[in-house]
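Each of the two complexes below includes subunit A, the first together with subunit B, the second together with subunit C.
And now, the complex of A and B:
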């Protein structure tokens, strides 16, 4: 049996009874850590997170349990505690329930499509020798282009007299894509997938650089073909990136707003493409019911967290 | 090492949780700050916001210059309403932040109830000459701009009475008489629409926005309901009125247009009338200058039976003036408001923008203008026969409820229109009485 002696990182207290200078240092370490300067450097972001994210979350949860509306300074209206009234009011509205169903459909199409397409395209791009920069930029351009501008192109493609219907001729759907209750949300999901793909491809490209080439060589030696190498080396090798893509695409997808607002004229037809965030905007900003909008927001956050937990459980946990 | 990794992951997850929640909820927080004076006589410099519409901007700038020339000690600073999804959202945010200007010369009546509930507006009736000045200028029509207590939290400023514009060239191409189009009754309108579409001169006869925004009901249902009922509001005494025979007929009229593909169910990107995609449009006089390149005529909106145009009502599409509680110098603000709506400035507004000041006897007060601009005569006459959106804090909710029902049953033809209007009316009855 071998005993390994390593120098202690922090000396033990000299006596258990009276706290000496080492005990003080230990307490300081416990509060500020071994590098107190690090706290100073990270404090701006900490303040940012607290002010921009944490405070609104807490405030919004508070709003959702009160009869609340935005008021001018000095108006000081009564804001009584109403328990779950806002939640009951919100979820008694069929439009709200439907919006959650709509975003569920959106996520079911958008998230898997995003993961599969971005991984496949990133793997392909990683092997491309010629025009590599051109192709990477081409995939990235839709992501950095303003939604308002890109939506106009999709309207040109998918409206009743658009290019897609012209190509389809008699096979064009009736009602057309964006006013068809069954097709409006899938079109939005495909649009968002296409628009965001460049970002996720970049994530995967970065992850692919960290997959050891020796693994591919070993797999080749063992007789693995391209498909086998993809599933046995590439996919496990980029699992952390896959978890990130899953989480980010789920979070951004659950916050869907711009596309139904612009592409389907405010969640049409008949609310078939309305998202919870679009309804939050209508209720909270247009209709002066931020309390009800907050209730929807809180439920949405909880829903997203549950999905994120499940994704983390099934895709990410194997790392730890 | 594993523990460190897990701890780091927890921290990352905690930040992610914050980010997720923040993204969803950040828009729902409120703010505060600032103060205001309750003194209605205080004078001094003020700020006013006006529309960014080119002609209104031109008028607004000259109005501010004229005031400043006469009142150097009470300087007015004019600026366009800051950009946002809508003027109402920008104004609502400014009220909450306590930095609203003294006057907004583009306040939508549909938003006034909410602004009042927020404590953002000054009750104009509290000025000694507040109610009397409004009623002397606007006459009986001013009453529809009062709140439930009979107070004025908005100044009735200008209207764009909604009528039907038609493209004379397309009518002629379709073999229709462009000088006497048959558009006065629902049956005539549909027959004319069918002729237009069947002849292939335009894909659609008319193309009001089929989208689900609450305010779109102002440009399909409300003008025709006002015309069919001789000026009945859609909510009166806290009860929805539109679920009646006149309302059913209006809804069925529009549904027939959509069912027969005479009106488009899909939002047109651009202006369908200007682009020749629709032979008719349902708009107000603001559009006269916009449709400069189109050879068009205008007629009142159709009614179930032929009606004398002099008896036809329509929707106002009004924009009013709000005096905001954050204003320090309310005395100056009230005087600027009266200056901006004086007979002289109303005349300049009419000449510059072609929009109708909500002033009684408009055709006689500005007889010279209407003689020189005959295209505007029908609008001058109609300005005194316009209806408004319901008042109260839940106006937008009421209108959204109606629009959702309308979209489903009228535009997309699901279920029958009567049940749809009945259901919407039942919901709106509740909303109209809620504080």
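And now, the complex of A and C:
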């Protein structure tokens, strides 16, 4: 850590750290640190983050409190402050309320299923000796493939006379999966679980490498069986990863767009699978009300933050 | 460090020849195999469906009759959406993101790992934070800014801009640079080498696996991305394949005589490059590398 930089004479920008008697700490040095070149190297990234993340977030909040509409480039129309009008307008729309309910259903199915399945599969995968690569690759393949491509197959599978209904025969639901108000959202939740599972398996596999082997050994000497070991060693051992999986799957769920747009033809039937982000697109961009859409977005972010806070509180407590 | 971990992970475990553990490992094998089937079947079905002359949604359709196989679906879908131009646009979009991520991402990663400067910690925290910001929620302000204010709708630049530097890749680069021996760099600095030169001829050659991992990870983002290019491109000639296929699915599918065959043929074309790349380079897609990348 104590890197002492003493270049002989080169007047390079990083040369300012010489601890010699005549070392005059330049002003630049004091402001930017020992190697100000680091700031230069990082500046494109910092500009990028400010332009693409920081400013738009602030701008989004600003839009949600103003009467905002699309204008031609260069035009600078007046956009009066309207207080909470956009929020009131958005949430007096039953479709918006319903979309939040839908994403709630989605998260209730998707998040627990994701945590349980990915931890189980990762710990099984961690112990397996044969065909390890093959198994790993098959679990990751849905994750790396475009949702648009995979949705096409699921449409075919869950179609009214698709393979799933052929297999179920008389037990096939009526109306079929994707046009059934009660089943559309659960099918989407299961689809997303399946699609993303590989990524969470990857996270858990990494976490499992960090669980000390001695814990398993001492549990064995104490006579703990495999199930007991799983619950008393593995589950607490991967707690930080579990928190991460919870957070990431919640954020991913709140971002749901492609699946309801394509799988259920734009959030059908009757808006039973519409997500807030889908409504943001429909209201904000298709119907030209970016202010209303921003209000939905702000509420959605606050909702996600609250859920994340609760998750962090109950799962992440003991670490960090 | 990563290699030893990887070896440990894939290494042979001590078999304990008791009856119970045998049952256990059989059970584990069955669960994993069933899981793998559930994960792979849709891909098999995608290929089968893309090759069938008449779509056969019955159980028999999953084991197709060779006489019913054809490549016509690829021709059909190509008539509706220009597969070649879709692939080229996806390629430009992905290539632009990769280029920016590799150039600027390596620079930040190096600065974060190797240089002492004010703001380094804050920058690293920012890179972590950015990963949990739901991108979709930025759709409205970014659309207003990029499409309306800057007039970059229907341009490749507008498409690339919000994805230009992948923060996960930045963190992976930092992680790898941190593992390099510091003495090497001190020695080279004493010899008068500038930081850019150190980065280019000392650090980069040592972190080649990180480059592959980061490129692979960055590749899947824009190649598979749907919402943003869908918002920003109305001109069909500029749409990446994911967007034109999605438009085909949602609007014109009903009019083709075998919509599923054509859709699935398009899906195969969209999925194939990533799946092939992933299988070829799968050993770089290792839990430890990415895990450290995501965990920071």
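Keep in mind that, in the parts below, the second predicted complex is superposed on the first by the 273 of 320 C-alpha atoms of A that agree within 3 Å, B and C clash if a C-alpha of one lies under 4 Å from a C-alpha of the other, contacts with A are read in each partner's own complex, and residues count from 1 in each chain.
Everything below uses one rule, namely that contacts are C-beta pairs under 8 Å (C-beta built on N, C-alpha and C of every residue); 3 or more make two chains touch, one makes a residue touch a chain.
Just so it is clear, the model here is predicted, and its values are computed rather than measured.
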Fit-or-clash call for subunit B and subunit C when the two complexes are aligned on subunit A: clash
Partner chain in contact with A:88 - subunit B first, subunit C second, else both or neither: neither
Partner chain in contact with A:27 - subunit B first, subunit C second, else both or neither: neither
First (subunit B), second (subunit C), both or neither touched by A:247: both
First (subunit B), second (subunit C), both or neither touched by A:49: both
Partner chain in contact with A:77 - subunit B first, subunit C second, else both or neither: first
Subunit B versus subunit C as contact partner of A:300, first or second or both or neither: both
Which of subunit B and subunit C A:167 touches, first, second, both or neither: second
Which superposed partner A:39 touches (first subunit B, second subunit C, both, neither): second
Partner chain in contact with A:60 - subunit B first, subunit C second, else both or neither: both
Which partner reaches more residues of subunit A (counting touched residues only), subunit B or subunit C: C
Subunit C-contacting residues of subunit A that also contact subunit B: 49, 52-53, 55-57, 59-60, 63, 68, 70-73, 152, 155-156, 159, 161, 247, 251, 254-255, 265-266, 277, 280-281, 284-285, 290, 293-294, 297, 300-301, 304, 308
Touching residues (chain side subunit A, partner subunit C) in the complex: 3, 5-8, 10, 12, 14, 31-39, 41-42, 44-46, 48-49, 52-53, 55-57, 59-60, 63, 68, 70-73, 120-121, 124-130, 132-142, 144-157, 159, 161-163, 166-167, 194, 197-198, 202-203, 205-207, 209, 226, 240-241, 244, 247-248, 251, 254-255, 257-258, 261-262, 265-266, 277, 280-281, 284-285, 290, 293-294, 297, 300-301, 304, 308
Residues of subunit B defined as touching subunit A within the complex: 2, 5-6, 9, 13, 15-30, 32-36, 88-89, 92, 95-98, 100, 114, 117-120, 203, 209-214, 264-267, 269, 325-326, 393-394, 396-397, 400, 404, 407-408, 411-412, 414
Of subunit A, residues touching subunit B in the complex: 49, 52-57, 59-60, 63, 68-75, 77, 95, 152, 155-156, 159-161, 175-176, 178-179, 247, 251, 254-255, 265-271, 277, 280-282, 284-290, 293-294, 297-298, 300-301, 304-305, 308, 312, 316, 319-320
Touch list for subunit C against partner subunit A, complex: 5, 8-10, 12-13, 21, 24-25, 28-29, 31-33, 35-36, 38-40, 42-43, 45-46, 49, 55, 57-59, 61-62, 104-105, 107-108, 110-112, 115-120, 123, 126-127, 130, 132-145, 148-151, 161-162, 164-165, 167, 170, 182, 186, 189-190, 192, 194-195, 220, 223-224, 226-227, 231, 242, 245-246, 249-250, 260, 263-264, 266-268, 270-271, 274-275, 278-279, 282-283, 285, 287-288, 290-292, 294-295
